[in-house]
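Chain lettering (A, B, C and D) follows the sequence in which the chains are written, and residue indices restart at 1 in each chain.
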Amino acid sequence: MEGIAIMTSGGDAAGMNPAVKCAVDYSRKKGLKPFLIRNGLRGMIDGDISEATREDVSGIMHRGGTVLRSSRSQRFFEYDYRKQAYDNLQKLGINKLIVIGGDGSFNALNQFYSDFGVPFAGIPATIDNDIPGTDYCLGVDTALNMIRQSVDSIRDTATSFSRAFVIETMGRHCGYLAMVSALSSGAEICLVPEVEYDLEKIGERLRSDLNDGRDYIIAMVAEGTNMAEYLTRWIKINLNMDARLTVLGHVQRGGSPTVRDRIMAYKFAVEAVDALLDGETNKIMIFRDGDFGRLAIDKVTDSKVELNQQIIKLAEHLSH
Amino acid sequence: MEGIAIMTSGGDAAGMNPAVKCAVDYSRKKGLKPFLIRNGLRGMIDGDISEATREDVSGIMHRGGTVLRSSRSQRFFEYDYRKQAYDNLQKLGINKLIVIGGDGSFNALNQFYSDFGVPFAGIPATIDNDIPGTDYCLGVDTALNMIRQSVDSIRDTATSFSRAFVIETMGRHCGYLAMVSALSSGAEICLVPEVEYDLEKIGERLRSDLNDGRDYIIAMVAEGTNMAEYLTRWIKINLNMDARLTVLGHVQRGGSPTVRDRIMAYKFAVEAVDALLDGETNKIMIFRDGDFGRLAIDKVTDSKVELNQQIIKLAEHLSH
Amino acid sequence: MEGIAIMTSGGDAAGMNPAVKCAVDYSRKKGLKPFLIRNGLRGMIDGDISEATREDVSGIMHRGGTVLRSSRSQRFFEYDYRKQAYDNLQKLGINKLIVIGGDGSFNALNQFYSDFGVPFAGIPATIDNDIPGTDYCLGVDTALNMIRQSVDSIRDTATSFSRAFVIETMGRHCGYLAMVSALSSGAEICLVPEVEYDLEKIGERLRSDLNDGRDYIIAMVAEGTNMAEYLTRWIKINLNMDARLTVLGHVQRGGSPTVRDRIMAYKFAVEAVDALLDGETNKIMIFRDGDFGRLAIDKVTDSKVELNQQIIKLAEHLSH
Amino acid sequence: MEGIAIMTSGGDAAGMNPAVKCAVDYSRKKGLKPFLIRNGLRGMIDGDISEATREDVSGIMHRGGTVLRSSRSQRFFEYDYRKQAYDNLQKLGINKLIVIGGDGSFNALNQFYSDFGVPFAGIPATIDNDIPGTDYCLGVDTALNMIRQSVDSIRDTATSFSRAFVIETMGRHCGYLAMVSALSSGAEICLVPEVEYDLEKIGERLRSDLNDGRDYIIAMVAEGTNMAEYLTRWIKINLNMDARLTVLGHVQRGGSPTVRDRIMAYKFAVEAVDALLDGETNKIMIFRDGDFGRLAIDKVTDSKVELNQQIIKLAEHLSH
């Protein structure tokens, strides 16, 4: 029986565990022998690899994070360590890889393929939703719903006083989380790296709203703008309102995977195993325009991710 | 200014409130004058209609159910009552309607259009996901996640003893909720109206699993099969295990709308207003293959809903 | 170093895991060597016992159910099997026991003490809150909050139509869960085994309320009354309302322990270890009138649990 | 019929709404005529007062924040405005007051009593749990469980990498929230205003733990220490670990009231109405050592709140 190894790599995201479980179950059903690599690329080098047992993947569907753990590995950039990783796989009869993670991890495995010819299938997973070529990355729906719960809780308290609440979401280069959260929570301000904002105009709009009877203000700010603290002070001074800051931080990464993340994980995992059985090498599983597909790794890494234009259009009035 | 009235009708579903709010906001932005009809068709007859105020739609994004309430109305089948409803609209200058509900409500408004020529746009909303022509109905994602939380809670306790848990979901004619829940919670049995099941084979499979070390069993059963109580007894006798029944009931209908239901509500509402402004009459907003569209009412009501074939394929092994 | 073994026994309850973790940590701090017995009394007989490692109790604070599993064991009634259990403990140097569970388990260990002189401390844990002598049993607060979430979800949907919702909670002999849930969710009907109810009067009261503008009815029914299905039909016929049944089942047992259950677990565990170090034998830890204490096992098993009179007084108007 | 008015004042807290509902229902049952004052002391001056209707208090049990809103009012310090407030009450026949809030509000109403002889009963509500004389203030249990959910979510992700998480809770002068959260979530560090901490020793302890196999660190910091950002940087430098900050902010104030907060609200409200009917003036309802009682306002305002010694003892090892 051919061996297939499954790993998670890069920043963790909800949906990784269901993807691991489904990849294991479906591989086995298709006559492969599934292995688990723990601690990502580091574990691959250090031989932290074992055949998947029933216990390994039992009761993990509903757990956040990744039970396989993850890591960043500088060593993997060196050929000798990659060779060591390859030897580990060889010894166990593993000649196929599934990696659940981001484009950094996909690139690393692409290099590994160039070196030793071990094909891999990539499953996109990152809460920032910033992997080019796919409309959806595992973890996004869960992250959005974690944010929603925090914002809804703040809203409970918002009407008690006239007050502004500034909420910083994750997203270093990508404002997807902030923007969708702003829309789905009915925020009044949204600042993201991709859209130019105009505080002057925002101020005018809100002063008029406040005169009109508006009680409170909710502002969503993507981490990458570095504007959360500034905006909090700005509101105090310019709108003459008490303003409070919430920095959600890693709260957004955790939480039991939502149904959408579990079902997407299921489908991505089936697609990844099928792709490898079809003889594909180095394809990234994608979901685009409502359909699953496979995209060559260089198509992913050579392109730039862009925020969904429809979302931008729906939310742009919140930036000025 | 032209008047547009928004109503919810039929069984309530999460996502109705965000759809109401977005329809009101977007109508106003587009130069229409939004009205709200309370209590569905009954309120239309009884004149329970008023112009939408800021307060009406403030703070409703995150609330389950429908703040406009709903109803079933026998009277609406009679021309005289429909005429009365029409007069109510006339007096307020309303010549466009948005109805958020199911195909029964769409049909009623189609008849109303034949009588008096008031065009409507329909937004599909029902947790059963059983409206033909659209892949998604508002409320489905929230319902699935409510079920998930219950099943995850049961799973917490499942490993303490060797026990089987039978969980009945909603779905009179449609097994969508049961099937997707079975997949996303890793259930061992799934009985739905659309798929033939074979208890004999299920028994064989599970006896073998139990011998193999399986600890517990989770079974999802759609209400429409009427099998929940029978299966509970059947497991006790045939698998010689303690078995417990949970009937989720209306727990599934409530809950704060998920982000997906809010965003879909937003997009459906924008599409509905745009459709009416484009001069469309009697179109149902749909989401198919990843895209939004508009479908003539007779295309909706003349076709039969079918369970997504991909879901059936993924889950069919749970029925035998 | 003296060995102390910790086990969970009887029906599982949230708070068992935090109690296990705290008992392990605090035992070690006090110079004892903590062991874990898996699968309750059965594991004690079968030697399913090992020294507690950091991994065993890491990351279990927030998990529902019991990671040590539980069981019912007929064999423990026989001297020979108890002797076998005793030999298992002897071999490992265990001469103290902490059992987290209900009065059945406490009795079993009392017998074990009579036989072999191994003292134990009991920590009350059962969601029914029906252990005599203590105002609080681990798991109750979590169960109540799980029920609350379900009832709140039903309430979301309740106002959409005029409808009645009957919700069955756990509680074979004890109506505590149903009664506190009825109070905290503002239900209109509550049927429990301990309080006589009068459907005639309930009917009168509610008909008057419905005439007065009441929209919907929520009824909480304890499993032990066997009245859930009957009441559902009764409402349909006597109040002429659509009525729907929800049977919460094991949903109530699971869920991540609430803060109260974690803190109570912490304090019970500290108290149990201290009691054993003080040389106490066969005491049950209790919480009464706001204070922790230790009660002799026969004081627990000889008395009858009674529903808190204050709760009964607050809720009695819901039974007639 | 005598009029009784109910208001919320000061910072909002979960449990205020159930307290309002229960005070209204129980007042009416006792033959009083309940009124609602909106917007706290400001509304009392401005005459924002009306008789409580069924709709006012229907469906508010499960809502966070306060539907009556709150405010801070400088004007209430001036006799003339208080006189105006008194006249408002007189006109409506109100001669009893229930105020749900903190000691600032209690003091204001005490002054009001000195001026005009209108007795009040105070119900302690503040998430900081810092009102002297009572072990419990409404809102605390809900706040603790909101924090728990955030910390549990962070824990999901914590094991993926070796990382430290610093979480800032509310609490300007009182470390109760941080301390109980640290205990119930198994944190490794806890910094609060009331307990001296020793970063040097914390560093030693954790370096040793990390060498021992510890994966990640969770630190709870009370807002009042102003140490959250400093500690985050300190960990990076001194423990050589990636460290991330979460500032929970007003997330902690919201959320649907837990069962404990609802039941406590119920009992506090009954006690407050009974106290006024017993002819008591200016008593604060308290919960101490497991019992409800009434404490003279000067006993509350003259004493200093102190952190529960038992909690300090259980948690002190986290500060050094």
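To be clear about the criterion, contacts are C-beta pairs under 8 Å (C-beta built on N, C-alpha and C of every residue); 3 or more make two chains touch, one makes a residue touch a chain.
These are the chains along with the protein names UniProt gives them: A, B, C, D = ATP-dependent 6-phosphofructokinase.
Computed from a predicted model, the values in this text were never measured in an experiment.
Separation of chain B from chain D in touch steps, taking the shortest path, is 2. Here the chain-to-chain distance from chain A to chain C, counted in touching steps, is 2. Of all residue numbers seen at the chain C-chain D contact, over half occur in both copies; the interface is built from largely matching residues. Remark: among chain pairs A-B and A-D, A-D carries the greater number of C-beta contacts. Averaging C-alpha coordinates per chain places the centre of chain A 36 Å away from that of chain D.
Rounded to whole angstrom units, the spacing between the C-alpha centres of chain A and chain B is 28. Shared interface positions of chain B, i.e. residues touching 2 or more other chains, are given as 152, 155, 159. By the touch rule above, chain B contacts chain A in their complex via residues 18, 21, 54, 59, 61-62, 135, 141, 144-145, 147-148, 152, 155, 159, 180-181, 183-186, 212-213, 256, 258-260, 262-263, 266-267, 270, 288-291, 310, 314. Per the touch definition, chain C reaches chain B in the complex via residues 11-12, 14, 63-66, 69-72, 146, 149-150, 152-161, 165, 167, 244-255.
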